[in-house]
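The following pair of complexes shares a single chain, chain A, combined with chain B in the former and chain C in the latter.
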Partner chain A sequence: MNTPAIKELLYKMADDLLIIGHRHSEWTGLGPILEEDISFSSMAQDKIGQSQALFQLLHQLGEPDADTNAFTRNANQFYNAQFAELPNEEYDFSTVRHFLYDHADQLRFEMLAHSSYEPLAKLARKVKGELKYHVFHANTWMVKLAQGTEESKARMQTALSNAWNYALGMFEESKFEKELIAAKIFEGEAALKTKWIQAITPFIEKAGLKLPPEKEWNPVYGGRKNFHTEHLDPLVKEMGEVFRVEPASQW
Partner chain B sequence: MYGNAYIDPNEKANSIVAGEDPEKLAEFEARISKGEKIEPKDWMPKEYRKQLIRMIEQHAHSEIIGALPEGTWITRAPGFQRKLALMAKVQDEVGHAQLLYSAAETLGKSREAMINDLITGKSKYSNVFNYPAFEWADACIIAWLIDAGAIINQVANAKGSYGPYCRALDRICTEESFHLKYGHDAVVTLATGTPYQRKMVQDALTRWWPPIMHFFGPSDKISQHTEILMKWKVKMASNDDMRQQYLNMYVPKIWDLGLTLPDPNLKKNEETGKWDYTEPDWEEFKRVINGDGPCNAERLAVRRNAEERGRWVREALKTADTKYIVPLA
Partner chain C sequence: MIKSLDPRITRAEIELNNSIAPLEENDQWETYEVFHQKKRGDQHMHVGIVHAANPDMALLFAKEQYGRRGQSVNIWVVKTREVYTTDYEDSDIFDTVPEKMFREAGGYKVMEKINKYKKEHKI
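Take a look at the complex of A and B:
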């Protein structure tokens, strides 16, 4: 078993989920309608719960326990894509990110349901059921808002254009990519990205939105190698603010 | 969580049933005294409708405003277990607001109109949420001791006469009982923890005790108004009775944890069986309820900002054939 490769895979997924879950949770009490407040909170709980499960797998591989791992690292020790850490901005960007991220996440977990690394495959089979609802929610709102008023349509197009290169950054390859594919642990970021584009395209067309022309695609990489935007550091400090006072205590 | 509907003791009572059809009124009151529930399409006195809208609306507002002091701790909650539980709890509170707005809508006021009255400062919400949650322990104290007060009030109100409100409250009380367990566990963990944690929770309790004593409102004046509202089962228990019930249930539990309460006169009077306490500062209560508390301006500003930021979303949801539909409740 290629433990360093598996650990890297688990870290990036756990961190993506933790950080995007944190961002979703920031909508609590502030959503545009109560029903959406509740939806984002619900998805945030799923994301953070899934993240915890991945940190528990890491713990089984000798990494620190889930709480210590999630709540005491510094920003430059995180493996999430920069896409996850960008601020929520308005409901347009949050919805677009939710759509782009959740399609990728669902496909990733579907692939991993067949992973040769059984603990991850087992978790993935459970998680993909939860993600079905996240994707359904995202699809509904992408189309609804893009076909609403002139303002909402323009907002969704701008948000999609701004999000795009960051979203492509989710598929930054690992130095273990070949080993992971060869060992049938994970089919790889390139295969995932191809499936993802096939999955999102019909909804983007249905919504009447346009992706940037392919020659302008310029993925924002770095997150998987611990390079982050200025937005991650305050998020991580806030998240660990209480826990770090006494990391050894029960809270 | 909860909003203690505040009935202004100085409100004029003489016009309560003026102009009502005496026969219909008698029939209405007979149904209530038999324990029947009043449903949205049934005849009801104007004052009954008005008081219920006010009460349910205040309760709904309290849920969404109450989500703010606790919500700020979601992003800082220490560890996965607390973070997940707090998220679920605050989500429940927002869900309660949704249920309650729907219940109030059956009486003829739209959610939009209610939220508008909230952000313009026209309607009230529970006074406790005008106080800040400084530290993690404040959020734990709210989850245990404010929700505990809410349950006492809501269990009483669930036996009221208006069907949709009672049904919403039954559901809310079930969820609140989990909040109480979560809050109690979080407080016990701190109170039995390290010196730093014990100090944090004691400080939070000391800060929250005056708002907790205010929670059920000032002693009710025995007025014609409150008597009629009690007969109509709009108001189900006196503020003092609820406060006594609360003290009886929770003071021993607080003391058991080795925590102290900032009232030297607080003790159970063996002769009367009731709790003696120092009367809280009701002038402060009035000041805060009328807008001059530590967080009133901030809470409303946050809510206004959320409404403003979400406007384009709500506009985008409307289509040419969008109609207003009163929810079933």
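Take a look at the complex of A and C:
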């Protein structure tokens, strides 16, 4: 078993989920309507739960326990894509990010359901229902907001265009890419990206939105190698604030 | 300025002008009645209401408000305005004269006959 390669895969997935889960939780109490507030918050909790499950797999491979790992690292020790850490801005950007991220997340877990690394395959099968709901939710909001008023359509298009290169950054390749594919642990970022574009395209079209032209695609890489925007540091400090007061306390 | 029992609102120094804008179409979405089914084959039971912009969204919210404890296998939503109802002032139509025992299953004394039959046929 190629432990360093598996660890890197688990870290980037866990950190994506933890950081985007935290960002989504920032909407709690501020959502557009009560029902959506509850739904979005509930999905944020799902994300944190999924990241916790991945941190537990890391713990089994000799890494620190989930809470310590999540709450005591500094921003420059995180492996999430920069896409996940960008501020929520308004509901247009949050919805677009939710849509682009959750499609990728669902496909990644689908691929991993057949992974030769059985603990991860088992987890992938377990979270299938949650991910399906998250994608339903994202598709519905994406299409509804894009087909609302002139203003909402324009805002969704702007948000999609702004998000796009960051979203492509989710598929930054690992130095273990070939090993992961050869060992049938994970089919690889390039395969995932192809499936992702196929999956999101019908909904983008249904919404009446347009992806930026391919020649303008310029993925924002760096997150997987611990390079982050200035937005991650305050997020990480806030997220770990309570834990760091008394790390030994039991919750 | 608005003076409120809630000091946060008073501190916000909100100008009070007399025209309170009426709700616009998208300020308040219509409601859907939610029915959930606990297991396949069971009847759907009414569990509550959600606000939503369209039926798809109503299903999303219904799942989250009423189905997230893992007790549902299926959910229906129906626009509240599509539901027909009796009037409460007519609720006396549900009253019935209690003496009509022949309408109730308990009004028929058959246990003696059943026991006799069982005895004869040694069931």
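In the analysis below, the second predicted complex is superposed on the first by the 250 of 251 C-alpha atoms of A that agree within 3 Å, B and C clash if a C-alpha of one lies under 4 Å from a C-alpha of the other, contacts with A are read in each partner's own complex, and residues count from 1 in each chain.
Following the convention adopted for this analysis, contacts are C-beta pairs under 8 Å (C-beta built on N, C-alpha and C of every residue); 3 or more make two chains touch, one makes a residue touch a chain.
Computed from a predicted model, the values in this text were never measured in an experiment.
Enquirer: Per the contact definition in the header, classify A:M239: touching chain B only (first), chain C only (second), both, or neither.
Expert: In the superposed model, A:M239 contacts chain B only, not chain C.
Enquirer: In the superposed arrangement, does A:A70 touch chain B (first), chain C (second), both or neither?
Expert: First partner only.
Enquirer: Have a look at where A:F136 lands relative to chain B and chain C in the superposition and call it first, second, both or neither.
Expert: Once the two structures are laid over each other on A, A:F136 reaches chain C alone.
Enquirer: In the overlay, answer first, second, both or neither for which of chain B and chain C A:K144 touches.
Expert: The answer is both, since A:K144 touches chain B and chain C.
Enquirer: Going by the contact rule set out at the top, does A:Y91 touch chain B (first), chain C (second), both, or neither?
Expert: After superposition on chain A, A:Y91 lies in contact with chain B alone.
Enquirer: Taking the superposition on A as described, I'd like to know which of chain B and chain C A:D37 touches: first, second, both or neither.
Expert: first
Enquirer: Could you figure out whether chain B or chain C reaches more residues of chain A?
Expert: B
Enquirer: With both complexes overlaid on chain A, does A:Q52 touch chain B (first), chain C (second), both or neither?
Expert: In the superposed model, A:Q52 contacts chain B only, not chain C.
Enquirer: Please identify the positions on chain A that touch both chain B and chain C, taking each partner from its own complex.
Expert: Shared contact residues on chain A: 33-36, 38, 42, 144, 148.
Enquirer: Per the contact definition, I'd like the list of chain C residues that touch chain A in the complex.
Expert: The contact residues of chain C facing chain A are 26, 29, 50-54, 56-57, 60-61, 63-65, 68.
Enquirer: Okay, in this complex, where on chain A does chain C touch?
Expert: Chain A reaches chain C through residues 33-36, 38-39, 42, 133, 136-137, 140-141, 144, 148.
Enquirer: Per the contact definition, I'd like the list of chain B residues that touch chain A in the complex.
Expert: 64, 67-68, 71, 74-80, 82-84, 87-88, 90-91, 94-95, 97-98, 101, 136, 189, 193-194, 196-197, 302, 305-306, 309-318
Enquirer: Can you list the chain A residues touching chain B in their complex?
Expert: Touch list, chain A to chain B: 22, 25-26, 28-38, 41-42, 44-45, 48-49, 51-52, 55, 66-67, 70-71, 90-91, 144-145, 148-149, 151-152, 155, 235, 238-239, 241-243, 245-246, 249-251.
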